[in-house]
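Two complexes are shown next, each including chain A; its partner changes from chain B in the first to chain C in the second.
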Partner chain A sequence: MSKKQSNKSLISSYPNWFYLPAIITFGIFFILPTISSFYYSLTRWTIFDATFIGFENYEAFLSDPMLSIGLKNTFIYAVLTSGLKTIIALPVAVLLTSGIRFKGFYRSVVFFPVLISTIAIGITFSMMMQPHTGLINVALSSIGLPMVDWLGNPSLALYSVVLVDVWQGLGIATVIYMGGILAIPQDYFDAVKLDGGFWIKFRHVIIPLVQNSTFTVIILSFIGGLRSFDLIWAMTGGGPGFASDVLTSIIYKQYQAGFYGLSTAGNVILFLMVTILVFPLKAYFDRKELDV
Partner chain B sequence: MKKNAITLKLGNILVFIVMFTVFIIPFIYILLMASKTSQEAALLRFSLPEEFLFFSNMSEVIAFGEYRMIRALMNSTVLTVGSVILVIILSALFAFVAQRRNDKLATIMMAVLVAGLMIPPAVVPTVFLLRSLGIYKTLFGMIMIDAALFMPFAVVIFRTAMTAIPRDLDEASFMDGASPLRIFFSVILPLLKPAIVTVVVTTSVKIFNDFVGPLYFLPGAKNITAPLTLYSFISQFSTQWNLLFANVVVITIIPLVIFIFFQRQLVSGMMGGAVKG
Partner chain C sequence: MLKKVLTLALVSMVSFSLFAGGQQEDVQESGPVTLTYLVASGTDQNQAWAACESFMALNPDVNFELELRPGGTDGDNIVKTRLATGEMTDIFYYNAGSLLQALNPQQTLVDLADEPFMNNVDDAFKMTVSQEGHVYGVPNQTAMGGGILYNKKVYADLGLSIPKSWAEFAANNEKIKAAGITPVIATYGDSWTAQLFILADYYNVQAANPDFAAEYTANKAKYATTPAAMAGFKYLKEGFDKGWYQDGYATAKYNQGLELLATGKGAHYPMLSFALTNIVENWPDSASDIGFFAQPGPSADQNGATIWMLSANYIPATTKGAKLEAAKRFMEYLVSPQGIEDMNRNVPPSGPYLVKGAELPADVLPAVLDIASYIDAGNSAPALEFLSPVKGPRLEQFCVAVGTGQMSPEEAAANYDKDVANQAKQLGLEGW
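Take a look at the complex of A and B:
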């Protein structure tokens, strides 16, 4: 009894005001703009004033093909980048936790692009993806394959950027998977040692037991994909035309053009996309999460 | 057995070739381009430079526009150091109480902050907020924004790390009559060191390389930051690829140093975080 009491009084010695500095900073600089964005997205907003116009901005986003393509592209971009990272990073992580030579070196090499400015990577790859003289096409044609207009072809540009995004983000996904693999108790591998080769191990031990890492990778890269801006901006600027525009690039373009209400509506749409897609996904993953 | 050894060797070679082609060639290409004359760089070839101009290109990039590169690196450093210090102290205070009290209020507080991990920041309203506070286009304003944006991640990391610090430690200090702040700074913060390293490395690299934040909230020539030097290079010198790539090299040095310095702790820290979920 007396122990319980002392614990209780101890709990209250952790002061609640310790929340305040963080919550005030977060409240002013994040929550306040987020909440006010709902109102401003319903206005025609210039540098001088904001006039309420109802859902006109949203209607524009749904009807104007220049804007609605952003919705579609954002979704495609997020699904493809997170899907590819999830699929490619697991075998890479298996490789980098195996007995392969130079694995310390490979770990650094795979992680290195994470450190570099995304704008720098975008510029480098857009040089390498130039139609005739770019390194990738020169390499393709030297082994007899046709050259590809990676960024100039409107139906291809977005997918070319997706590839570079996966290249840059693979390091994070791989490190998360490596953590998951290294946490698998050795007994599980021993159990299948007798009757299985590598494939059995991969399929029946690694894949099920790194499930939590898989969830983390999917969620993180999916949110990252929905919010991605730098790489697309550096590589295509949303072009050719507006073929590779995503919500974030449209938000920026409308902001630059002075259409603040429209820009903010784009922001709210992005918010809604994240809420509608990510929260249910996360809730589903949380339910299925393993206690290892 | 012998056949196995050969397959293994072939496998090793294959992995090396793939890794080299996919991950190393792009960086060699950057270094080659950064070492060429502008005419030679314009050909975009993957070839050794006729004249090795790496260092003179670097110094040209640094001196360009009255040494604006120096200004950019300084701005980025101030921004990074300022935001990271704020993020660490505010998030650790928050996570400390949230994990120890673990009551209804703590749950609500965590839920509010963690929402920040997913929700995209509302850019234009933030610009207007900064304007009305009179801190638009200031490093201070940008630091506050970055602090708000990166706190959620740090709080999650610190809260997980707090579970590994025995309660007895701080309870004993309370019994001794130490103040909460004192306990925080002299007991908790030192024990959070591995988590702090994780937060420092991931957050500082991200803030140093951040492009979107300064693009919206910190415009103006005197406010230029490292990634923005590249951006203005594209528009001003669309033909001098050698300098553009030299610029890439210059702004990569600081993140690289941070990484090399903390590499071992970082990878194990990140993997540890993933294990605990």
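Take a look at the complex of A and C:
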């Protein structure tokens, strides 16, 4: 029996109405709100009533003078977090799949931040980054380094949040890489032993053969970076001023202000932007994907 | 029908607290009535509960259940969503003025205009809770002054006198700075506190341009093109340029600001006088060291305070039967002499009452007397948000951007003028 046929018989052994609960749930809680949000983005919506105004919300959203800062910050944030996670996670994964002692312990330590609520991390770090009383600055000054106003300095605030995001998200990226490394057949490592050296192994076996994991890490963390909100909101609220505002925090503030139509239009724009940026990237990676 | 389904689906997606604390539908005609009451947590909560307890002591047939919401724009959302879905509590507490207008009161609230007890309420207050002749709200707090809270001990130690013009204020600040004390406390970690230099300057704006509010609402006057309105943005920048703000002000929180003021490490805090209630709670011994003066303007001859009207209690249209009757009795109590007397005893007033015949107690805080003296002398004006529904939600961000040196006052004013257009359009105002 070929593989195709066996799949088919598996599917047909379940009646179609088994799909119904999933379709209903997905329809009510995902498809319907998504479609209705397209409609409401074309209205002036006060929750009490909605007036159709065509594309005026899109016009207002895109002509917002502060939008350019938000777009720039969103892009910086997505590129930096996904870049740093990719670069740092690979060596960490190599270390954690090697023969070091207490491997299990280190693996837990690296993965631990993933398990904590992002809001809790944001609040904790914003306390630790306080200019005078925060743990980080107290530690810095005790070894004679100057104190840094991590979140209060407008040109630094966004990058401070990026650091925390990388710290938190590193665990996921590392686990994906560890999976990739452990899937490399032992033969390659045996073969490279003849050429000697850890560097040769890292450069010519691990990096090329975990390429699929690299793509996954980049795509996941890039999308995550583009639509990141909770950490920024908990740490800076987009401030000081507009210094760390990203697209999502701009949208959220418009929603808070009661501009429901306008913020819905912003969400549609965010949706389109993520799609436009990520689909070509995904298509490119799919073409280059290795079949190990 | 489809639209209704769509609204329902989307609303249920975006609101967290929708099903929290729904009302019981079947109201018993006899026996005790339980009223649910939605207030913002914090100071408002304490004040509301004090009023409830006093009322329950007099009316054993009524019980209260307090429900809490966050303040600020998060709270606005909860109030709007619950009103729109008919899930509002039996009574709720909310701002007067421009925020009330956004609640669509003619559809969602009970009109109290014909209730006899409304005669006790000051007409200036009624204006801020009315729409087209219908009156909706009853106060249970005092009006507030917006201006500069200052530490009297610092002033006495340095031999300073109260500034009547901005130049005098700036000169005082230099002397205070030379003495090693923070001249102006800024707490941009709670960004709403950054707006005071602009909002509390409204007395001076109105003195220079008496028609500003009307023209501003009609999209004729602008911050960027009205020098008197622009001044507030320039003050923020001046503070940054001259180093008046304390270290770490960009992330400091409101409570840290109060501590600096109460302990005399900071001399001035541009703030609303409700902060006095927090100072009494946390630094009771320092409360009598705090005074108030109006934000000084360009000229010493025109010096007056900007006044914030109080928030009010409203009854949503969904409250019916015995509950409605009990809710109205509670409203009547709040503006009765007995109610005011109980309030004075429970919570020290942070400004004058807007109820006819209500007197401030003899042991009132000095800062409250300072505010009352501006009002009694006729040197006061309501804040712009009580005269015009147009207020951009991002004013606080622009203020922080100017106060941290990221944006020039001109740029911020021009961008803020664009920002308010969204609000005006959302409210469907003429001329935008």
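As a working rule, the second predicted complex is superposed on the first by the 275 of 292 C-alpha atoms of A that agree within 3 Å, B and C clash if a C-alpha of one lies under 4 Å from a C-alpha of the other, contacts with A are read in each partner's own complex, and residues count from 1 in each chain.
As a convention for this text, a residue touches a chain if its C-beta (ideal position, glycine included) is under 8 Å from a C-beta of that chain, and two chains touch if they have at least 3 such contacts.
Keep in mind that what you see is a predicted model, and the values were worked out from it rather than measured.
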item	value
Chain B versus chain C as contact partner of A:L32, first or second or both or neither	both
Which partner, chain B or chain C, touches more chain A residues	B
Partner chain in contact with A:N212 - chain B first, chain C second, else both or neither	first
Partner chain(s) touched by A:G224 [first = chain B, second = chain C, both, neither]	neither
Touching partner for A:G241 - first (chain B), second (chain C), both, neither	second
Partner chain in contact with A:N16 - chain B first, chain C second, else both or neither	first
Which superposed partner A:M66 touches (first chain B, second chain C, both, neither)	second
Chain B versus chain C as contact partner of A:V138, first or second or both or neither	first
First (chain B), second (chain C), both or neither touched by A:G83	neither
Footprint overlap on chain A, comparing chain B with chain C	28-29, 32-33, 36-37, 40, 130, 255
Residues of chain A defined as touching chain C within the complex	28-29, 32-33, 35-37, 39-40, 44, 46-48, 50-51, 56, 60, 64-66, 126, 130-132, 149, 151-154, 237-243, 245, 253-259, 262
Residue numbers on chain B that touch chain A, as the complex places them	11-12, 15-16, 19, 22-27, 29-30, 33, 43-46, 86, 89-91, 93-94, 96-98, 100-101, 103, 105, 109, 112-113, 116-127, 129, 144-145, 147-149, 151-152, 155, 171, 174, 180, 184, 205, 209, 211-212, 215-216, 226-227, 230-231, 234, 241, 244-245, 248, 251-252, 255-256, 258-259, 263, 267, 270-275, 277
Of all residues in chain A, those that touch chain B in their complex	10-11, 13-16, 18-19, 21-23, 25-26, 28-34, 36-37, 40, 45, 95, 100-102, 106-120, 123-125, 127-128, 130, 133-135, 138, 167, 175-176, 178-180, 182-183, 212-213, 216, 223, 226-227, 229-230, 233-234, 248, 251-252, 255, 260, 263-264, 267-268, 270-271, 274-275, 278-279, 289
Complex interface listing, chain C residues touching chain A	3, 5-7, 9-11, 13-14, 72-74, 76-77, 80-81, 83-84, 102, 104, 107-108, 188, 191, 247-251, 393-394, 397-398, 400-402, 404-407, 415, 418, 421-423, 425-426, 428
